[in-house]
Amino acid sequence: MLSTLCRRSLSNSLPHSRLLNLLLLAVVLGLALAPFITSGARPLNTAATICVYIVLVGSYDLLLGYTGIVSFAHTMFFGIGAYGLSLGLSSDNPNWAGAATGILLAVLLSLTLALIIGLFALRVRAIFYSMITLAVASSFAVLASQLSDITGGEDGKTFSVPELISPAYELFSSPIFGRQIDGKVICYYLLFFSAVVLFLLMLRIVNSPFGRVLQAIRENEFRAEAIGYRTVLYKIAANCIAAVLATLAGAMMALWLKYVGPKTMLSFEVMTDILLIVVIGGMGSLYGSIIGAALFLVLQNYLKTLMTQANESLIDLPWLAQALHPDRWLFWLGILFVLSVYFFPTGIVGKLNRSKTVGH
Amino acid sequence: MNTSVTAEANTAPSLALAKPDIKPLLLIPAIALAALPLVGSGSTWMTLTLAGLAMGMVIFIIASGLTLIFGLMDVMNFAHGAFIASGAFIASMMVAPLLSWSESESIGLNIAVLAIAILGAMLVTGILGIIFERVIIRPVYGQHLKQILITMGGMIVAEQLITMIWGAEQIPFPLPQVLRGSIVLGETLIEKYRLFAVVIGTVVLLSMLYVLNRTKLGLLIRAGVENPEMVESLGYRIRRLFIAVFAAGSALAGLGGVMWGLYKETVSTAMSGELMVTVFIVVIIGGMGSVGGCFISSLLLALVANYAGFLMPKLALVSHILLMIMILVWRPSGLYTPGKN
Amino acid sequence: MIMPNTPHDFILQLSGVHTHIGEYHILQGVDLQIPRGELFVLLGRNGAGKSTCLRTIMGLWKASQGRIQFKQQDIHTLATPDIARRGIAYVTENMGIFSALSVKENLSLAAINGAIDTSRLEWIFGFFPALKKFWNYPAGNLSGGQKQMVAIARAIIEPRELLLVDEPSKGLSPAIVHNLMDAFRELKASQTSIILVEQNFNFVRELGDQVAVMDDGRIVHHGQMQALAKDQDLQTRLLGLSMDSHQ
Amino acid sequence: QDLKIALITGKTGVLESYAKETETGFMMGLEYLTGGKMEINGRKLKVIIKDDQSKPDIARTLLAEAYGDDKVDLAVGTTSSGAALAMLPVAAEYKKILLVEPAVADAITGDKWNRYIFRTSRNSMQDGLAAASTIKGGGSIAFLTQDNAFGRDAVKAAKESLTMVGSKANVAHEEYAAPNTTDFTAAAQRIFEALKNKPEPRVLQIVWAGPNPMSKLAEMKPERFGIALAPGGNILPIMKTWKAYAGTQGTIFYYYDFPKNKMNDWLVAEHNKRYKAPPDMFTAGGFSAASAVYTALSKAKSSDTEKLITAMEGMEFDTPKGKMNFRKEDHQALQVMYHFKIKKEQKNEWDLLELVREIPVTDIPVPVKNKR
Amino acid sequence: MIAPQFATAQAVTVVENKPKQVTLSSRDLSIRFGGHIAVNQVSADFHAGELTVIVGPNGAGKTTYFNLLSGQLMASTGQIRLGEHDITQLGAAARTQMGIGRGFQLTNLFPHLSVLENVRLAAQSRANKGFRLFSIWSDHAELIERAEACLQQVSLYHRRHEQTAILSHGDKRKLEVALMLALEPDILMFDEPTAGMSVDEVPVIINLIQAIKQDQQKTVLLVEHKMDVVRSLADRIIVLQDGCLVADGDPSAVMASDAVQQAYLGKRPNVITTREHDHA
């Protein structure tokens, strides 16, 4: 009974590899219990970011891995969600109604933009589509920094959140399992459960008949059209779905950070991070976004600490020490990335899940 | 709505029957003339136009390597920027001990410095290109998605390596004495450096056109991208050709780096990212890998940026992007499609 | 099987060739001797391994075991371009057209020793007039049959000692098939050896000197064409159908 | 128990080179002040260095981590103004001191300020006032800046400064160019057209974050129209390329050769010895921050936040630029600035500027703008 | 049926005996690629329960004509009707959904999906379930069964779980046919279905087409160069040459016409005919 329910909520698509399942279980349990098995600001922050990125990267994979569309406008939608929420909350008395309105308007804006870009651009060659989205996204970033009265310009802006999830709020007077249940923890669980719901939704979409059509389009768009699928409609639909999900991820991120700004939400670096995660995790498999996001963000947050130690112990070998200098963490990430495109073209999930995966 | 994408592609007029297409070329004088009444003052217009055309040449030099690689091998090399930066760093390193030559009044010494900078940078970036092709690009020929991804990875690594080697500080890269200053004719002014850029740009353009149109090389590489196995079955060592093209493209990036570094008179790691969007836009609106298209679009872009900057600075924020969208609406696959001219 | 030829008359010899593609074991010990100046026919059902065999000779798949000799010299260790330059031309089953290039450019790439020889070109135009008509046309826009013509023309634009031809007649109209047969006759007359994979019985019966039949990655029959053409039982056993029941 | 200080800078990313200078300066400052012992009041001093990659969200997280997980006594940072602004509420949340260095945005000690914020770096207004004090007479001024919040604020501050110092100069033109502009021909032509018939002296003041377009403008020969350039100071590697424009004047907040005091002498000598180059602007900034921290901790004799605030409000401390003091109202360190001229005869590769005048604090009457 | 006015004298005039329901028709259909007119003013009606073979030299415009009918290309001029509807402006997908199915001359499949998934996608399109976003694909067992049945018909069932990319050429051709079957179209257009298929498989496909032909609701169009296949299947033959329709009518009459004999079968009619008769 329970296992059927479980299977169905995972849309019958549990990976075939035992190791992979264990890994996934570990990550999900880790995230579910993060406030209680860790202490301090950084681990919780890492966990929250992982939750957001699972949604963000998953929605991007819908485009990249499943439909074969390379878009650089994903951060734009992410940003719209974040700014939407921040505007909704930027009154003196931030409340949930404001947040909901902000998110709703952001979703509507994203949908409209996705539709327009899709109608205009999805009919051209793939590489052009990428470039056009790149251009649109960078114009949007310019716009955001020009409208500094509402967006805070280059510097971005901080805002406060409803009482329930603000750090000062405490649910119980004493700590539970060694952790004070404050607004931060409540906010974390809000993100965690949103991520779970959105992830299951995406899983269902990619395993639906619709999801299979997207794969067909990725494989051979011309042929998909010839067997009766109006590929433009499907691509636009995929684009819109991905945009909405990215918007929601943006709202989640802003809610957690209580800050919005172009560097955090709109920059090309965020886009690179998304790409890195999709590829390392495994394109065309949503589970890849879980593994990828967890691995990448843990590395991003802790690689430097590791490197500091390595660097100090290698002080006698100046050149190697230089390469292992914590400031060069991006170098190692880049190498990891190249190697993973090289050796795990299907990402970690693809590698572990060699037999029939979602993609095939 | 109903026309399928492929059908549109297929109904494009027959390539064999196309006449030389000069409309894009005419766009340049058209835009310049249209700007004249708006700008008003003749000398200002002249200064803007000359500066724009020359800056277009610089952009062309920087973009030419990318076009070459993209057009012939269908590889979108996101790491091109890193080659540009390395070219500039290498050149600045080579000329650093020759500061007195470049400051000297002797034109001969000045030219020697320039030659050393350019040739040195091109040589080293060419070699780097070969390495890059071997370890990064080779496994992913013909796979667009992976190319985008792996070259982005390559870009990150290369940029970090540059920072590791040269540090994050800006390094001065002074212009040799001959190229300093400007020539003033009445109220019109043109920087000497820009004249130099025009000369180098023309050399690059002509030699690329020659190699691609007068030799089998261009054909072979395009064939090799579509079907490397067939080209090998015909008896060509396509891998070596790919390497050669990649090396040439990277060397051109190195040259672009020198030109850009000389223009800015400083060299920094930021250089690699600075122009990339511009260069991508140039390559896109020029038409995939068409050298002529790339040339025209570089000039257009720089001219439009100058006019927009003068007439309406706000517009200059997005002038590149507007230009791109307008051109793609006019010609959805860019100004020229390769093979067409 | 007793072969009348001495080893020196063989232009190509395969002995115990195995080919693996990834985890699949496709060729499972192929032995073939191709006599010089003859047209050798390779038959077999879909998926028997005929194309794999040609690709292995060309070095496009690497033989995992066994030996391939061209003019008494090992070529299985060489890279494809070197194999080609020893004098082997190849027509692939999917034609391998360079679609962005014109017909002319397709052919001029095939002329690796320099410019196209005009008299030979006229000779080819005689068989495939369409090529002349569409000389400057992008090859990707040609019809299926016309592409097939380009693929064949590319292989014969310069003289080669050995041609590997994978199903050349598919998609060609009957008239052109006849021209193609003439072309092969003339090539044979000029001492060109040919390995032909073909499903068109008419074609192979007229032209074939020797024949081998493949099944499941192995050679299951090897002999004279005439003998096979006469033996209906053997045909049915090897190919599932007799040549005469289906023309 | 150890004293813990977090130093947050943008060590990787676009501002990498600035951040490195800050870190060097800060560490050298502590070294100098503690006499190499790294102890204050007998307590060992521990500096935890963090890299925010110039990203505001990371800066926030790192600051929270520093206060919450590392339990630092106070934090210093950061390079990017955006990141610094995002950090301010975190200090209030944790009720710990944040000493801002070297971010310049006015809002840090303006409307985004809270009582836990102190700043050793100068703010944009101080830059503006210093520049304005050099053009007190009549004439015409044009501004060239970036078309973003930074640029607009800077011009606003500059114009305000002009009125405040009672300059008679007239603002003839404000040119906002796209932040990523590389070709300044169009901007220059607009400025020339706007300025060329205005009363002399004609000054073009350049306010630009990042590599300064000074040399590009100089190549356009503004002297044809009697226009003088007034660049803001910049880091040494950039000013090195200005050699050809000898005589050009501007203002800067630190140049190693200008201040004459013991602390600066040590800094210049040590820095030259260790890094084969003189200290730069942000090195001095880091040094000043270290001095503020040292002075405050010594004076408060405790690392309790409230005691520190009491000690620091109005506190005077030594820096390589001489004495600074934290104004009580907005915790901004008031400091001198320098009016410079590009040298013609340079003795070595780093001999770039000559001092026209040290602009005293009294000439830089920064208004208090926070809502205290 | 209207005989095209430009049909040459040798062209066979149309023999029309029993009135049949016209399902698909083209009127003055042309397409021009630059200066080249690939299909020139072709008018033809196709009927339910009838199998029309289209023959013609290479480059005559057969595939292009198919592309026009099925919407892969848009006509420069002319009109296409499907039953009551003018479909000239519709795209390929819409036409497929209206019941026009076609196979491609040059194999065109989803290379990295399994053989079964290729066919299943076609069945799913037929069932119009592409926009089901929230159900699980494997819950639609009927589509999988349908796909398996189609694979059985072309004897590819045993390879259903393999990746399409690794199929041999002939097997890909079979899959191409299976894809069309899964679409259950009313109008089936085969473009040289047997090219590259091994001799023992050709009868399988011929029997399959024969069976489809029995269904009086189906209209079948077939491009084929193998004369024995043409002879065994054709109810009617259309000849295209240089884009023009030059003959249309009863198979034996059309085949006997000089135009076909010379332009299509070869310039040495005597040689051909003897061989043709030998094995007839």
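Every chain is named by a letter (A, B, C, D and E) in the order it is written, and numbering of its residues begins at 1.
In the analysis below, a contact is a pair of C-beta atoms (placed from the backbone, for glycine too) under 8 Å apart; a residue touches a chain by one contact, two chains touch by 3 or more.
A quick map from chain label to UniProt name: A, B = Branched-chain amino acid ABC transporter permease; C, E = ABC transporter ATP-binding protein.
Please read all numbers here as calculations on a predicted model, not as lab measurements.
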Required minimum of steps from chain C to chain D, each step between chains that touch: 2
Chains contacting each of chain B and chain E, listed by label: A, C
Centroid-based (C-alpha) most distant chain relative to chain A: C
Longest centre-to-centre distance from chain E, chain (CA-based): D
Pair joined by more contacting C-beta pairs (B-C or C-E): C-E
Intercentroid distance (Cα basis), chain E paired with chain D, Å: 77
Rounded Å distance between chain B and chain D, as computed from the means of their C-alpha atoms: 37
Set of chain E residues in contact with two or more other chains: 33, 36, 72, 91-94
Touching two or more other chains - residue numbers and ranges from chain A: 146, 222, 225, 231, 330
Touching two or more other chains - residues of chain B: 1, 4, 6, 10, 14-16, 163, 317
Footprint of chain C on chain B - complex, ascending: 10, 14-16, 216, 219-220, 222-223, 226-227, 229-238, 338-339
Residues of chain A touching chain D in the complex: 39-42, 45, 145-146, 148, 152-158, 167, 257-259, 261, 263-264, 269, 304, 326-327, 329-330
Interface residues, chain C side, partner chain B - complex: 58, 60, 79-81, 84-85, 89-90, 92, 96-102, 105-106, 108-110, 112, 136-138, 141, 154
Sites on chain D touched by chain A in the complex: 11-12, 16, 51, 54-57, 60-61, 64-65, 68-69, 81-82, 85-86, 88-89, 93, 105, 107, 147-150, 152
Touching residues (chain side chain C, partner chain E) in the complex: 21, 24, 44-48, 51, 93-94, 130, 134, 137, 141-146, 148-149, 167, 170-179, 199, 201-202, 239-241, 244, 246-247
